[in-house]
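Here come two complexes built around chain A, the first alongside chain B, the second alongside chain C.
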Partner chain A sequence: MADSFTVPAAATQDERVFPAPLVAGTNDFASVTETVCSIVEAPRAPKAWYVIFGIAVALLGVLGAMIVYLVSTGVGVWGNNQPVAWGWPIVNFVFWVGIGHAGTLISAVLFLFRQGWRTGINRFSEAMTIFAVICAGMFPAIHVGRIWVIWWVFPIPNQMSMWPNFRSPLLWDVFAVSTYFSVSLLFWYMGLVPDLATIRDRAKTKARRFWYGLFSLGWTGSNRQWHRYERAYLILAALATPLVLSVHSVVSFDFATSQLPGWHTTIFPPYFVAGAIFSGFAMVLTLAIPARKMFGLEDLITMRHIENMCKIIMATGMMVGYAYAMEFFMAWYSGNTYEGFAFVNRAFGPYWWAYWIMVSCNVISPQIFWSKKARTNLTLVFIMSIFVNIGMWFERFVITVTSLNRDFLPSSWHYFSPTWVDVLTLLGSFGLFFTLFMLFCRWLPQVAISEVKNVMPQAHPHHHPSEGKEG
Partner chain B sequence: MCASELKALADELRKGQDGAYRNLLLLDCNPAYDLPGDLEFVGALEGFRGAGGTVIHLGLYRDETAGHADWHLPMAHAFETWADGTAWDGTMTTGQPLIDPLYAGRSVLEMLGWWTKDERSAKEQVRAGGPADGKAWRRALHDGLVAGSAAAPLQVSAKALPAPQFGDLSATPADGIEVRFMPDRHIGDGRWANLGWLQELPDPMTKLTWDNAAMMSFATAASLGVEHGTMVRLSKGARSVEVPAYLMPGHADGCVTIALGHGRTAAGHVAGLDDDEIEPVGFDVNPLRAHDSASLATGVAVEPLGKPYPLAVTQDHFAIDEIGTQGREQRLPNLVKEGSVAEWQQEPRFAKSAADYWGKDSNLWQELDPETDDRLYKPKHKWGMAIDLSSCTGCSACTIACQAENNIPVVGKDQVIKGREMHWIRMDRYFAGDPAAPKVMSQPVACQHCEMAPCEQVCPVAATVHSSEGLNDMVYNRCIGTRYCSNNCPYKVRRFNFFDYNEDADQPGNEVMKMAANPEVTVRARGVMEKCSFCVQRIERARIATRNEDRDSRIPDGTIETACQQSCPTGSIVFGDLMDEGSQVRKAHENPRSYAMLAELNNKPRNLFLARIRNPHPAMPAAAAEEAVTHG
Partner chain C sequence: MEERKLHSVMAEFTDVNSLMAAAERVRDAGFRKWDCHTPFPVHGLDDAMGVKMTRLPWIVLAMGLTGCGLGLLLQWWTNAYDYPYIISGKPVWAIPANIPITFEVTVLFSAFTAFFAMWIMNDLPRWFSPLSRKKNFARATDDRFFVVIEAADPQFDGVRTAEFLNGLGAASVEEVEMPDEPTRLPARYRHLLFTLAMAMLVPLAMIYNAQHKTSTEPRVHLVKDMDKQARFRPQGETLAGLFADGRMSRPRIEGTVGRGMLREDEGLETGMEGGEYVTAVPSALQVDEDFVRRGQERFGIYCAPCHGFTGKGDGLVHQRALQLAAEGNAQWVQPTDLSSALVVDQADGRLYETIRMGRNTMPAYASAIPVEDRWAIVLYVRALQRAAAQ
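Showing the complex of A and B:
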């Protein structure tokens, strides 16, 4: 085509001077639109999509069955006991909230820092965020003893003239998670509007025209609209940025403001945020590596994206490792008997295996990403991302269960074991997540078309290859 | 009946028509279950019946014996009938029914009268034994005893005999293992087996519920190759039983102790009922007993079977790892504070820690004082409790009293194994030092009603709040069951209704279960948290009574007794108003021995413990162990 450029072969250049382009291959604006929209417009999804979607829906059914069983029978169907009053449901909650962190970080924080490479993966990870937060929000709701009065946690005027207890960190959670969810959803949806309009414009059926037209809110792509859009996007990014830090800080307050040894530590907020970013990026990789292959998005989600994410995982993994070490140091340095015991017990007590799974997956395994070879080996990166997901689930397990199972009075110590309902509920939450995610992959643009075009050489009229590094 | 009489009876029954008896009346007893196995009483009963004899059984339950009787007659419960008795000094006492018999039962007295053609009712029979004067009789009924009816003491003389020589009592028996049978500490010889409260009450020492086990020492277990929580077979001659092993610190070597009363096959829906395919609870060890040595069997062979058996123990002791053991040993002296007489004489406040003196200055904020600050409501009372560890024996009567008073559900063996027992006041039992000769410590723990309660701050819906009089109130109908309060409670005294534990009461035919509930206390629903309320219903009852007398007066000390306090046989627990300078509880709090458990958390518990003073006789072996633990 007339406006296509030949992109210099990356292999001949020093990457430190000329980073690999963010859109690989010989793509132009039209081909980017085509690549992304064709997924949505294809009459049939790839075979793998049906397989994964089928499994996900089956697991979603399992989740539904587990919830019905739980609500009809009682919280006792789980392994929770005295003293471990919070078991897997809260572990799962923190796990999913953590996963839900990368999305806003990528879309908002990296946007403010003008990190052009975010464009390839931001739609994807924002969607992941929203679905993860849905999974997360479900757990505190179903874990209460009387789900039918869960609305009492909201400050709704009521005939009882009762406010919730604003001193409770659980209440802060309600506000933090719901704010995060609304802002993430808004941010995601707003970014979708121009792309939805593109699909609407290309639509060949009435139904598509109607539905995509409805949700593209009459977008015409006029200069004025773009101007408003960019401003709003910037404002939302600025609003969302503090949320990245606040949500998981508030979640960590559930633990940090308690008296329980092993929970009562001031290091929790930054440590939780780092851990959340860590797990969020790992989940983006877990999703992106198969998806780019399945839907032919290799040119838009390039090795450079994957490498960048590997680096972030390595960096945050080390922060988390530092936090683990510092917790131990503080427990010893404080001279507090109970605190000291809680940590020794974590590493060498009855749950030692959980602790060392956590350390191996979160601290040791990401070290492999020092090597470029490892960062560019997709199979390896995929396996590592799964490791990190496992490790971060165990981190929450270690914090929640090992602290509770042996607290102050030895008379109350009791081992916790999950039940089959615990296990199936966790699996079921993956069903919910992947069902939503697979629907997203099939029916919505997985890559932000308009934003990717911004970081292509064609978007810069006075293009010179050396300026490519801006992207 | 003594052993030889029992043997003679069984032999006589076996003779059938040729024997001396035609009819056998079994009144309020269960010999088909609880007699020593060598009598083979069931066989004797069946032989007797087969030969034309008639067996009539009167009992509260259609139990094992009823199953081998021609007639089972429903007996009236002691609360349903008139009765009389004598106290230790011979004083006549009276028992009056509290309710009409629920199941048309008759008392032993009535049945005996009926069989002997005595037409009088039980009441008339009891009346006949009392004073003739109507007024004196009414007085006796009111008091429960006939004053002045004590027997005259005998004049006896005594002369000192030379002290008997026993030899070395701690010597290990040479021929095999000695098995000691003891009545179960809660269900006795099995007569109380069908009471869920008692089955679920942890044994004061083993903390075992819903089972009996072969207790043995670590050394004995090691020499026999037995592991904790696995099955063993005890056999003597042709008779054998299989029971789980429980390794008991401080148990004598070379012997095994087993509680009787378990393994019933016709006790009821709680303890086991073959007819309804309900598994027996625990193991029947009566077959191993012999009539001439009913509480001891010598020369018993113990064979480890290796099969694990789940024991519902509410407090693990040796089933934990090295780190746990160290952690426990390290913190025990700060939880259960104890001292010798010498230590106490030297420093009566030895149990106090710095945190006990912190006071108001320990807060980051200025605390408002209701006594001086006009903005605050001025309470009339400040409720508090004190538990004297010196007099607590660990008997656990408080736990059952609380369970009865506060409608605490029984959850069953599988739930206890999961750690979901519901007791509001539990008896913590610790062993310290050498497992072969440990020091044992007991400590009753209920809600400490902290002034700065960590549970209250974390509840998102304010379902647990502080009353102006200092109670940590639990609002059941506001609770949504996040269980955060339990996580943040350092004493772990909160209990959660994981299931609907009261659903049985709604089943048709179970109306009587509802009658067991205290009408003044809410029966909790599924999904809510509960805990000790300091028997708030009793406080309110006293408040109403006092106000009716005089609106402005304070509830006098001693008016309110909590259920645990009321049932404590040694008077260890006192409850009352800390604002009342003369109150017992105030005096206890001011006792130099008082201390707050985990005071350093600054929760300011309203319950204080009084440190235990130990004073073992120097000649007793326990004194040496004591010395080793305290100063070792």
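Showing the complex of A and C:
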């Protein structure tokens, strides 16, 4: 019987030969259900939840106020000006959209590679993806200034009888980011349906039965339905994999297709994608380490998950480090004076401090994860993940601002400084992100219950199909 | 006493192994309308149940190709056909620039199809399942496994089927009764949904109508800041305090020269000195054969269209204008014959001024012909006059 099945303790085995089980402790199916659902069913959330949610909602209010101020006054309230016309709003856009890559990567790419360990963290990071893309999409929309005509970016007949220019990378961006958002949302919701059905079936109140019932679409776990469901999930994963690579490539085209030294390089698409995975995993760790503690999910998001993510951060950190070095090599090898100047200016010009923050946070600090001690020290991992978040924000700042601030005409050189509106809008976007994330933690299953059950040893029949036929 | 009709018989199993074994037995017994309910997809159960591979991937492929085609069509129709954009002399239709959006639209169509077709094929969403009447069945999404054989199956035989399931090692076997209530959405909700769907088409119809209608009213612009903007007008007044004199046009800044306003050599620049036309090409210019040839070339470009290559006032524009005038479509004054006595007697400075400032119906050419070329043309006109006199 499944209930009596226990998992051997991890410590007795050599992890290099037998990796630690994906579900720690002595869990069975019912206890996994109980662990995840009790968070949603608890009458009150942990105290820390109320504190974080309160701060997040306050910051969300700040964001609302900043947007009202911006729209009613004009984009002059930001520090953007010639020659730095793309200031913090575009930096923030690329930062958030980059974070939004880990979720789909974990759910789609790791799914295709049959990485069982994704199940503990995929729900979590998919939610993070969706909320990060919401934050990202907001920035270009408010950056256009006349936000009430933002619908001109869509091919809808308008009063000018003009169509959008489909050969512009900025329009590619609109299509890439909105497709990415739609597909991520479908993927996330589809994964949620069986778990919502679990909560519906455990519901004690009528309201819960109604709302979770509505969104679980009448799911009863029928195997004929699971069959099509799994096929559809595989197809979505196969579609989302090239999609996730295309989105940040297209974002990099915004820069790479221009003729500006420092932007006009072919290395941008892979370099941006590696950076996006890097920052996305860092954000997953930033969220997962406190959340597993706060909600008691240590058995489902195990040290093995955390260690794996640290390894990915180290690998992608070295990829972006390689890209930083290669950019300098290409600037030198091209023999182009302007290209050469742009890169020397990056590292030793007026924004040298931003460049070296980026290098220390993104290239140097993740090297600590070579050590297993560092990968298993939660405090250290948490601090490192924050470092990476900071470093990746600065990477986008360095790319955007240092390439623009010294253009071809030295008389128009200008040192960009943000205004208080810039700063509060960035903080406010964190408010939006954490408000949505905290609501998710409270009302939806944070771990994919059915998928975790699927990677437990009890889920695999010790039974050969041919035996049954003879019997 | 009327016996209630059965919907199905349901057997509960506690682990995957017994479920798999039971599923194989039910399959081999030849049942058609039956199913297993599990909290997670049990791998190998499809084989054990004899579930055939779904056609979903083919549907997704077809819709993905449709999306690909529509994406290309959208871009071609909007940017190359309906409103061709000419940007930096690039072709209005070039596949490489249209790949990213074609890709995104393909993925969008495929993903929506995979999602929605999956639910439709699964006959979901459903508002109600007779199985959920059974208290135990709630564990189908938790930790228990169920085999359900429907009464609609031709082999179904209430008591015997229940016994058959009992013999497969089920923890419990229950009969599921047919529900009384209809399983469809009540008619009034269906009508409401239909009405809402129809109402959503009204704004679209209005937009379509507006697209194909002319109106004398100004277009609707909710925010007028693109139509009416604060701006400086020539000779206008500024807001108080912006400039001391309150004028929008600013006077020339001391010590600067406006474009085309340089007057270092008055005779050369204007053709006049001390109020009199100069009578010879200014000495600052070196006059030689190359200079006159330059005048001939410039004359061919700027003057000949009206005045003709021989300066007789019979250029192509003149001939075309005569045709239009004969049809009553134009009024036309013949360009001056440059070898007429009137022009021959004019001073060189006067000819120069005519090129620079224009005269009668002739426009000014100062913006098109630089100073030296104007004098070269004057010289060439003199050459034409000499040729005409011979």
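As a convention for this text, the second predicted complex is superposed on the first by the 459 of 471 C-alpha atoms of A that agree within 3 Å, B and C clash if a C-alpha of one lies under 4 Å from a C-alpha of the other, contacts with A are read in each partner's own complex, and residues count from 1 in each chain.
Please note the rule applied: a contact is a pair of C-beta atoms (placed from the backbone, for glycine too) under 8 Å apart; a residue touches a chain by one contact, two chains touch by 3 or more.
A quick note: this is a predicted structure, and the numbers were derived from the prediction, not measured.
Chemist: Should the superposition on chain A be reported as showing a clash between chain B and chain C, or a fit?
Modeler: clash
Chemist: Thinking of the overlay built on chain A, is A:26 touched by chain B (first), by chain C (second), by both, or by neither?
Modeler: It touches nothing on chain B or chain C.
Chemist: Please indicate which partner A:338 is in contact with in the superposed arrangement: first for chain B, second for chain C, both, or neither.
Modeler: After superposing on A, A:338 lies in contact with chain B but is clear of chain C.
Chemist: With the two structures laid over each other on chain A, which partner does A:186 touch: chain B (first), chain C (second), both, or neither?
Modeler: Once the two structures are laid over each other on A, A:186 reaches chain C alone.
Chemist: Have a look at where A:197 lands relative to chain B and chain C in the superposition and call it first, second, both or neither.
Modeler: Second partner only.
Chemist: For A:76, select first, second, both or neither according to whether it touches chain B, chain C, the two together, or no partner.
Modeler: A:76: touches chain B, not chain C.
Chemist: Which holds for A:158: it touches chain B only (first), chain C only (second), both, or neither?
Modeler: Neither: A:158 stays clear of chain B and chain C.
Chemist: A:349 in the overlay: touching chain B, chain C, both, or neither? Say first, second, both or neither.
Modeler: Only chain B; A:349 stays clear of chain C.
Chemist: Quick check on the superposed pair: does A:144 touch chain B, chain C, both, or neither? Answer first, second, both or neither.
Modeler: first
Chemist: Who contacts more of chain A, chain B or chain C?
Modeler: Comparing touch counts on chain A for chain B and chain C gives C.
Chemist: Regarding the shared-chain residue A:171, is it in contact with chain B (first), chain C (second), both, or neither?
Modeler: In the superposition, A:171 contacts both chain B and chain C.
Chemist: Chain B has the stretches 130-138, 580-588, 598-606 or 616-624; which one runs into chain C?
Modeler: Clashes occur only in 580-588.
Chemist: Mind sorting out which residues of chain A both chain B and chain C touch, each in its own complex?
Modeler: 146, 162-165, 167, 169, 171
Chemist: Flag every residue of chain B that touches chain A in the complex, lowest number first.
Modeler: 315-316, 320-321, 323-324, 327-328, 330-332, 335, 415, 418-421, 426, 428-430, 443, 445, 454, 457-462, 478-484, 486-488, 490-492, 494-500, 525-529, 598, 601, 603
Chemist: Going by the contact rule set out above, which residues of chain C touch chain A in the complex?
Modeler: Going through chain C, the ones touching chain A are 14-17, 20-21, 24-25, 28, 35-49, 51, 54, 56-57, 60, 74-75, 78-79, 82-83, 85, 87, 90, 94, 97-98, 100-101, 103-105, 107-108, 110-112, 114-115, 117-119, 121-122, 124-129, 131-132, 137-143, 207, 211, 219-223, 225-226.
Chemist: Along chain A, where are the residues that touch chain B in the complex?
Modeler: 73-76, 79-86, 140, 143-146, 149-150, 152-153, 162-165, 167-171, 174, 254, 257-260, 337-338, 341, 344-345, 348-350, 404, 406-414
Chemist: Can you tell me which positions in chain A touch chain C when the two form their complex?
Modeler: Counting only chain A, the residues touching chain C are 1-3, 28-30, 33, 146, 148, 155, 157, 159, 161-167, 169, 171-172, 175-176, 179, 182-183, 186-187, 190, 194, 197-198, 200-202, 217-232, 235-236, 239-240, 242-243, 246, 250, 253, 449-451, 453-454, 458-463, 465, 468-469, 471.
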